[in-house]
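Presented sequentially are two complexes of subunit A, the first with subunit B as partner and the second with subunit C.
Coming up: the complex of A and B.
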């Protein structure tokens, strides 16, 4: 009996490792991403924005796509990281950008941990209200203490030192872009490890059915607090990147629009497979570029329309292509099993 | 300004919030539908009031029913054409959809009416103050309190005394059993949605004077509306009513006594209540 159990545990473990393997298209994806450094030299500014937006969306994907927590105020942690990085650089507390990036991330993470207890109370609507409330409070605080944050004028006089003490940020933004891309890649690798770990699997169980998850012994609230804290760290790093690459930040980072845009970014790309945020960020920026070129003042209208249309058309339909690749993986897995058992079903 | 004046202003603000938010409380309780665009219906009411009063010269009091009907009609139309496809979809879908609607309404109104704040021409007899027992009260706020009390009583009577109210309450308590008993839940819901939107429109028209009306209205008051609904719960109408009063008085008192941090009063209340009673002050069931 115990041998049988051991056998199936082994089998499950092998299956999960197989599903966590890097696929060919993933290698291609990242090769293309890094090739953009050489292929698109004239577009570093927008590429940089795409990179930190992608990281921000990755953060929301961890929360929404894997744990099923809806947030209307994810900009809170982005903004906190952005201001933390700006203040650290402005007052020369941590002059080296990479260290400052980590510090800003940890600052946002602490905030995320502290606020996660509020977010985890109550139902979906309560969560929406609390997340929105947190970002509004931070915005109001930043506005109130304008002697520190610069208020509506934004945080000015931020000077970013050379990266690792060697690489000066150039005016073409090449260093900025490579910096953002490398950070995105490293953070992506960590996220990928997280979601394929038993911890990540338990999150998916919670997302699919919290009641059932707690019935099989998953500490639902603790897991949600953990992922919320991690997601806040990611958002904080994304915010810090945005400050470091533009040497500026303003109250705008806390705005509702930013949280809502982020939802759109993730929805365009698809939730729950980590690449959604990155693909969504590319599409969103291109879209924003196109729309605001012919109607700069009212581009928000089109963003709204896209949201409405996506929902009416059905989000599931859009992410079906990803399900296809996943299904192929599962079928291959099944075939392998059958072959191992000597062709018997 | 005495403590009584603060209380008076707070009650007026709270009553207004109740009229703005009560529709959402009912539709949320009925269909478990998260409608973040509720404020857009209020804005529609406010703007139609501006148009008919300022441009066409209609008396203010006559414009209030117009605002109600206008928003109710938009509500009914939207419900039948768009919202009805989204019942039973995930909360994420509903959030995305209604946030999209909010963005469209903001830029749409901005395009048609301009982005600056607008004011309704309030008739002379509603301006200024009157003295009651030595207490100076703003006439306009007195009107708000009177009208909103009437509306609250009317809504409560409809809910408890009429056949429609019974159907509605039955549907809120258990949608499946209610439809099994032959209640057409969809019709009940459509009517309630239209009525709730109409109330929001009325609230928007009444509130334009003291809350301020500009295209960002749906976003600015989203958090207020959400707090009313979550704190008050969706199982009855008294919950949101008391929550609105609490919030209105707290907000006004906070802004008056600690002007520097008055803006944080509502958030502080939100956090305290969440820690104390995570499922709302007056909720009967744990969750739906």
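Coming up: the complex of A and C.
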């Protein structure tokens, strides 16, 4: 008896930890990502952009894909991190880029924590408006205080010191790319750890049913504030990377387009499995690059068209899948009944 | 006998409408207590007041000697007041294993832990297994909850509430909508709830009420109308009048 129970308890441990195990394709994914450093030496610029966009998308995936909190103004934290990194470097407050990156992330995190209380009020539609509003307010503040931010001309005169005091940012962008990729990888590992923890499971529960979540003792708002703050840190680091790798930042880091593009990235890649943001960022940037090379003016037309197709195809595939599982369930149920009656129809 | 849950002159007004009118009621430790009443009597409002979904306009709610009237929903659960819902409130995308696992881990206050891998604590896993076993859910524990038959979901609804180890359990129409073939399992599960758990059953189904309850309170128009043992309530002419009268108006 107790042996049987022990076996079952072990089984439960195995099943609960199953999702947290590394799959073969994940190893392959990251080997390919790091191999790109050597295989695609002529494309460091776009690869760098992909890396920080992927980190930015990872941030929104934590929020939207796991906790179900939708945002149309995630650029607020990206932009805040971008300006923080720019100002820290320009005024030599924190000269070393990695430390400045962390500081910029924490600045965005503080902003995220402070604004999370606004976002937690209300339903999805309210959240869309509040998040959008926060990013617009920040953009106008940055515009108004142009003596600090440089206003419409952008933040000029940013000089980024060598990484860790040793690695100079080179003209080909190799150091930039390796830097972004390593930061992305480390932060991905942390995010992966978070989503497979009890805390991560409680976020998925809240997304599924906040009423039930609170009825098993989960402090729903506290958990959402926590993940919102964490996501703001991720977005801030992504923004800081964009400043550090270009030695420049401007008002458009706060723009609505940036928040909207981010949603596109996640829709293309898929939410709720962490890789969606990274895959989405790769596809989005490559599509943008390919399409704009033959139609520089109208590339957004094609992006829009592809988006519509993805959503339509996705929805159809999903409904077909649901039909199939329902039918399988019905057939199984029917068979069970027949068996219960001793095989008679 | 000691009192597990004290409801003291609880009132709830929505504007001019009085949904709960000065209700005073005691739930003894280990009670099998049923709350009945015609449609719209305010039974679910009372449950929402007890669990903290609604704030009472007046009165006090005391759980195991502690005033919980102003506490938020999740804190009441952690102090031992749990409930099931009339309409299933489950996590569609999670499996029963994850659902129960989460309830147990939250009760043990591990829910804030963002660094440990889920499922790595043996003492929790043992309890998860025992709960799944008790409600006969081990065979479907890996399925998505949304794909389970209704009766199994109903079992899971009760199992989640039990996984929070309540001292007081509010069962809101546990057998509602369950097909006849699966009813037996639900009734058996309800009958075999631990003795030390005080249960308040809110139910329409008189068969279930009279087999389960040792004490019955009748709520009519938000007011406590009658109380007593099943025999006393069944033979109370006023209760009969309310139920038959209610039928006349239907």
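The rule we apply is simple: the second predicted complex is superposed on the first by the 300 of 345 C-alpha atoms of A that agree within 3 Å, B and C clash if a C-alpha of one lies under 4 Å from a C-alpha of the other, contacts with A are read in each partner's own complex, and residues count from 1 in each chain.
In the analysis below, contacts are C-beta pairs under 8 Å (C-beta built on N, C-alpha and C of every residue); 3 or more make two chains touch, one makes a residue touch a chain.
The structure presented is a predicted model; accordingly, all values stated were derived computationally and were not measured.
J.: Output check: A:307 vs subunit B and subunit C. Expected answer is one of first, second, both, neither. What do you get?
T.: It touches subunit B, and subunit C stays clear.
J.: Check the residue A:162 against both partner chains and state whether it touches subunit B (first), subunit C (second), both, or neither.
T.: After superposing on A, A:162 lies clear of both subunit B and subunit C.
J.: By the touch definition at the top of the document, which applies to A:209: first (subunit B), second (subunit C), both, or neither?
T.: Only subunit C; A:209 stays clear of subunit B.
J.: Per the contact definition in the header, classify A:64: touching subunit B only (first), subunit C only (second), both, or neither.
T.: first
J.: Touch check for A:5: first (subunit B), second (subunit C), both, or neither?
T.: So A:5 only meets subunit C here.
J.: Looking at subunit A, which of its residues have contacts with both subunit B and subunit C?
T.: none
J.: Provide the residue numbers of subunit A that touch subunit B in the complex, in ascending order.
T.: The contact residues of subunit A facing subunit B are 64, 70, 72, 118, 121-126, 128-130, 132-133, 136-137, 140, 144, 256, 260, 263-264, 267, 297-298, 300-301, 303-308, 310-312, 315.
J.: Give every residue of subunit A touching subunit C within the complex, in rising order.
T.: Those in contact with subunit C are residues 5, 8-9, 12-17, 19-20, 193-194, 196-202, 204-205, 208-209, 211-220, 223, 226, 325, 329, 333.
J.: For subunit C, which residues count as touching subunit A in their complex?
T.: Per the stated touch rule, the residues are 51, 72-75, 77-78, 82-83, 85, 89-94, 97-99, 101-103, 105-107, 110-120, 122, 125-126, 128-129, 133, 138, 141-142, 147, 149, 160-161, 163-164.
J.: Can you check the complex and tell me which residues of subunit B touch subunit A?
T.: My answer: residues 28, 34, 36, 82, 85-86, 89, 91-93, 95-97, 99-104, 106-108, 110-111, 219, 222-223, 226-227, 229-230, 260-261, 263-264, 267, 270-271, 274-275, 278-280, 287-288.
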